[in-house]
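For clarity, chains are labelled A, B, C, D, E, F, G and H in written order, and residue numbers in each chain start from 1.
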Amino acid sequence: MGSQNDAPIMQGAVDVLKDLGISVEMTVASAHRSPARVVRLIDEAGKRGVAVFIIGAGAAAHLAGVVAAHVTKPVIGVPIDSSALKGLDALLSTVQMPPGVPVATMSIGKPGATNAGVLAAQILALGDKGIAARLEKYKADLADKVEKAARDLQGT
Amino acid sequence: MGSQNDAPIMQGAVDVLKDLGISVEMTVASAHRSPARVVRLIDEAGKRGVAVFIIGAGAAAHLAGVVAAHVTKPVIGVPIDSSALKGLDALLSTVQMPPGVPVATMSIGKPGATNAGVLAAQILALGDKGIAARLEKYKADLADKVEKAARDLQGT
Amino acid sequence: MGSQNDAPIMQGAVDVLKDLGISVEMTVASAHRSPARVVRLIDEAGKRGVAVFIIGAGAAAHLAGVVAAHVTKPVIGVPIDSSALKGLDALLSTVQMPPGVPVATMSIGKPGATNAGVLAAQILALGDKGIAARLEKYKADLADKVEKAARDLQGT
Amino acid sequence: MGSQNDAPIMQGAVDVLKDLGISVEMTVASAHRSPARVVRLIDEAGKRGVAVFIIGAGAAAHLAGVVAAHVTKPVIGVPIDSSALKGLDALLSTVQMPPGVPVATMSIGKPGATNAGVLAAQILALGDKGIAARLEKYKADLADKVEKAARDLQGT
Amino acid sequence: MGSQNDAPIMQGAVDVLKDLGISVEMTVASAHRSPARVVRLIDEAGKRGVAVFIIGAGAAAHLAGVVAAHVTKPVIGVPIDSSALKGLDALLSTVQMPPGVPVATMSIGKPGATNAGVLAAQILALGDKGIAARLEKYKADLADKVEKAARDLQGT
Amino acid sequence: MGSQNDAPIMQGAVDVLKDLGISVEMTVASAHRSPARVVRLIDEAGKRGVAVFIIGAGAAAHLAGVVAAHVTKPVIGVPIDSSALKGLDALLSTVQMPPGVPVATMSIGKPGATNAGVLAAQILALGDKGIAARLEKYKADLADKVEKAARDLQGT
Amino acid sequence: MGSQNDAPIMQGAVDVLKDLGISVEMTVASAHRSPARVVRLIDEAGKRGVAVFIIGAGAAAHLAGVVAAHVTKPVIGVPIDSSALKGLDALLSTVQMPPGVPVATMSIGKPGATNAGVLAAQILALGDKGIAARLEKYKADLADKVEKAARDLQGT
Amino acid sequence: MGSQNDAPIMQGAVDVLKDLGISVEMTVASAHRSPARVVRLIDEAGKRGVAVFIIGAGAAAHLAGVVAAHVTKPVIGVPIDSSALKGLDALLSTVQMPPGVPVATMSIGKPGATNAGVLAAQILALGDKGIAARLEKYKADLADKVEKAARDLQGT
């Protein structure tokens, strides 16, 4: 993520990934303030065989695009609402990538961080039956929670 | 995709996938006009082992979200500029998904369709070294084309 | 409605309908997290002769559109302000439906929930003189309240 | 509708209503340029038993709200893209009604006009089995057209 | 103004007008909830020789346009930030009037209410030298306050 | 107006004013490219007793605000759609004036230019019964044209 | 800056400039409320050899454009979020300048004020090796802070 | 610039710089498609003593930010209208930079390219009296052209 201020938001992705039994590592690297660090981390990630990148950034959110420029692995971007424009700037900066260099853009903020974790799991599940099974259960749980919420609401 | 009018746009995804040696199938199914067809196609896709879904839709672009609600495979959404609001409606309808149900949203229109193909290839490349190699070449070609464009421009 | 968090908003519709002597039932069903539940509720509603559907949802608010895809009864949509984009996403996702599948879209949030109740009553009043009479009184009361507010203001 | 320039758009509502066997009348009355005419038409409509109002207007689209202020019948609003702001102004002017006075807002422009006709039919169908049956067929035809479009596309 | 909730905002116009020695009257009348009251007040205002109308309204802010439809006196509109969309809806509903029926639109909220009072005074000053002189002083005071603020700031 | 390119738009104000028998003069002066000219014209206008200023400008439309900063006469602003942002920039630059310095903002483009002429006439009519009478006729003609348009439409 | 209320924001520019050893002076002058003061300050600045102007303003933020109209020195504009529209109005008013009269526009609010200081230093550094060296250190510090934040985060 | 398609727009900057007697070089380098080329060009530019960078890019316009991340020279960004969102995406991606890393953002499209050239000249003029003199003449010519346009318009 682009700033340590984004950590409470991006923790949502970490939580989902851990729940789904997927190893994850979180760090800070700014495309604008520490470009060399970004490239170094990408290089190291390549050597360690990182499969998917999840990037959270706000305002002129370039970090996901910068990572996508360097790798052929899937890059997932989470626009963060950290400016006066309420994340619209981060959304457009993240999603409007030119042809050939996709960023898989999630919704703004916390829901997007959670979804970044889920999408990463869906990608990895294509080659890992354990993750696939846990994702099926995760999806069933989502539906169960809605059923329970409905019972709670109507019981009131 | 949600309408046959979207075919010229979505062909961009087909072209990339074919170039990268990935089998692809394109059809039309509207979340609003033919919801039963959508569910039937999702069921069939599940049986045939479809790995990734690419969905293009405009206006109140619900199709990607509807597909994502039913599957645990990655779903890639391409917002299409087919209304008075120039794709802003399709972008927000596609990207602002609730926690638990991600849609990997691409840029609006033709660039997004191309990128949907590239992202699908990136996902599949995690388990297929042939695709991974072709993606590396695709990425190198992108850079080469920029070099060539620069030479052409400066040669003028 | 798409989430139990929307209940305080959507209660506005329930209140108006009860005041106008119309039976109403409120539940939760997410188009994205519990699509099977949505279809089951629509089927049951069809059997019980539900006349009008009122749907509240936020962010990528697909629920009203999904219901409208399945029924030929009037579907009223209330965009809810529950994301960083302040309901603009929910508004566009709800209102920009393709030809053939309308959602009667109300204003964002609490005023929209109230209006969903009023519109449902207006629809039912076409076939029920009692509701029609109560609606006339409701409308007269609105005007009376403005007169009273004016007196209060000018009395100060 | 608010201007004769809106006639080609609003014809979409007329066409659907005629196809569904519902009598319809189209006229022009501007909330701003001819307010007395608007009130006179509303009065006459009340006497003739008009059941549903469909209003198309662009820019500061007040006409639907003005009609809704005077009647307790359902009022359907179609925002028309006739200004520099591409219908965003008409959409917000039409949909953001205060509590107590709903306008059932459709999508911007031609799709919205078609949907206004369909929604009016859905409302009238609650008390008319013939219309209800024709609407069921209309809905089935929508799905059939998608199937046919899919065959055409894949046949190519 | 369209709602008693707008009174604290619109008081800004009253204050300026009183300061400039201009008689002013404030009341509530909703274009949507009390249309008959609006027309009655306009008629009375015509008989009493009201010279300028100042209208504050939020959301689908139709009141200024409705008044402008009935009078040939200047109508000044103040868009009020009272909805989820932060006054953008009220601004577009107030300003985007069709040709022939102007509303002199001010900035959103409190600054706009103050300015409505100033513009009304500027209009009346064309025929009243006393108001013209007080306006000149008001303008000089604005500049003096800036000078004083600068001294305060730099003195710190 | 800020640029000679705006002349075809602003001619709409000239036409209305001439039709209503009001003398008018049109010129070009850019707040940004010729600030000294702007101040000189304002000074000359003050000496000649110009009663109302109508300003058309696009993009970062500062001209109306700059004129309003110098005079205590009414200043009417017409935002012009001459940039990529379709006049939204000009609208916000014109309307969002700080307290004490109003610009009476019209709708974007040609309708706004016409309305600027009408508003200027409404202002002058407060002190000129001839203009007041012609404005009454202008307003009646607007309504007549709507009646005629309705007859034409329904005669078809 | 246009208002004393902007001082806490614009202090960010002062702080950076002082840290980089550049003399700076801050004052208030409103383009709309004190235009004569603005021109007087510009004249004085010209005589004192001011090299770069930094202007902060909100709403219809004309001040940077007005200064740019008078000088051939670089003018840096900071849009301030001080209206209902959250700085979008100030951004568009500041950035959308016509050809020939640039304003170097920064991001909205506090980050923009800081960046205005940095950009001014970058400009002055072209002719001052001391500033250039301090800027290199400032840039290295930015990267160091990211490294430290990453260690802090991962140490947790 | 990020794409050879931007050349006709960015030529505006080249033209101004040549007119003002400043040496300029134009090339293409995409932050996303050719990141290595971008860094190589930045390194070479540093060695050759390039004083100011002008960057044009559209959509998710990251190029200016990427360059600004690497240099302490002034970076000027021109948002280009090359996507469905009409340059709003490019504007926000270019301008909303985080504290410490400014991009001097110009207006969208052709006017912005011209202004980038002018701003670069203003920056260089601080250390070059010849450029300063030519800029004064350029500014005087702008005003003269307005005077001429006014004469042409009024002569008609």
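Following the convention adopted for this analysis, a contact is a pair of C-beta atoms (placed from the backbone, for glycine too) under 8 Å apart; a residue touches a chain by one contact, two chains touch by 3 or more.
The structure displayed is predicted, hence computed values, not measured ones.
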{"item": "Mutual neighbours - chains that touch subunit G and subunit H alike", "value": "A, F"}
{"item": "Reference interface G-H: repeating pair among B-H, A-B or A-C with over half of contacts shared", "value": "A-B"}
{"item": "Centre-to-centre distance between subunit H and subunit E (centres being mean Cα positions), rounded to whole Å", "value": "42"}
{"item": "Whole-Å gap between the CA centroids of subunit C and subunit E", "value": "34"}
{"item": "Cα-centroid distance, subunit B relative to subunit F, in whole angstrom", "value": "48"}
{"item": "Where subunit F touches two or more other chains, by residue", "value": "3, 30, 33, 59-60, 83, 85-86, 88, 95-98, 100-101, 107-108, 111, 142"}
{"item": "In contact (per the touch rule at the top): chain pairs", "value": "A-B, A-C, A-G, A-H, B-C, B-D, B-H, C-D, C-E, D-E, D-F, E-F, E-G, F-G, F-H, G-H"}
{"item": "In the complex with subunit G, residue positions of subunit F that touch it", "value": "2-3, 30-33, 35, 59-60, 62, 65-66, 68-70, 83, 85, 88-89, 92-98, 100-101"}
{"item": "Subunit G partner contacts - residues on subunit H that touch it in the complex", "value": "12, 51, 72-74, 76, 91, 95-102, 104-108, 110-111, 114-116, 118-119, 122-127, 132, 135-136, 138-139, 142"}
{"item": "Of subunit G, residues touching subunit A in the complex", "value": "81, 86-88, 107-109, 111, 142-143, 145-147, 149-150, 152-154"}
{"item": "Parts of subunit G lying in touch with subunit E, wherever the complex brings them together", "value": "3-4, 7, 26-30, 33-34, 36-37, 59-60, 83-86"}
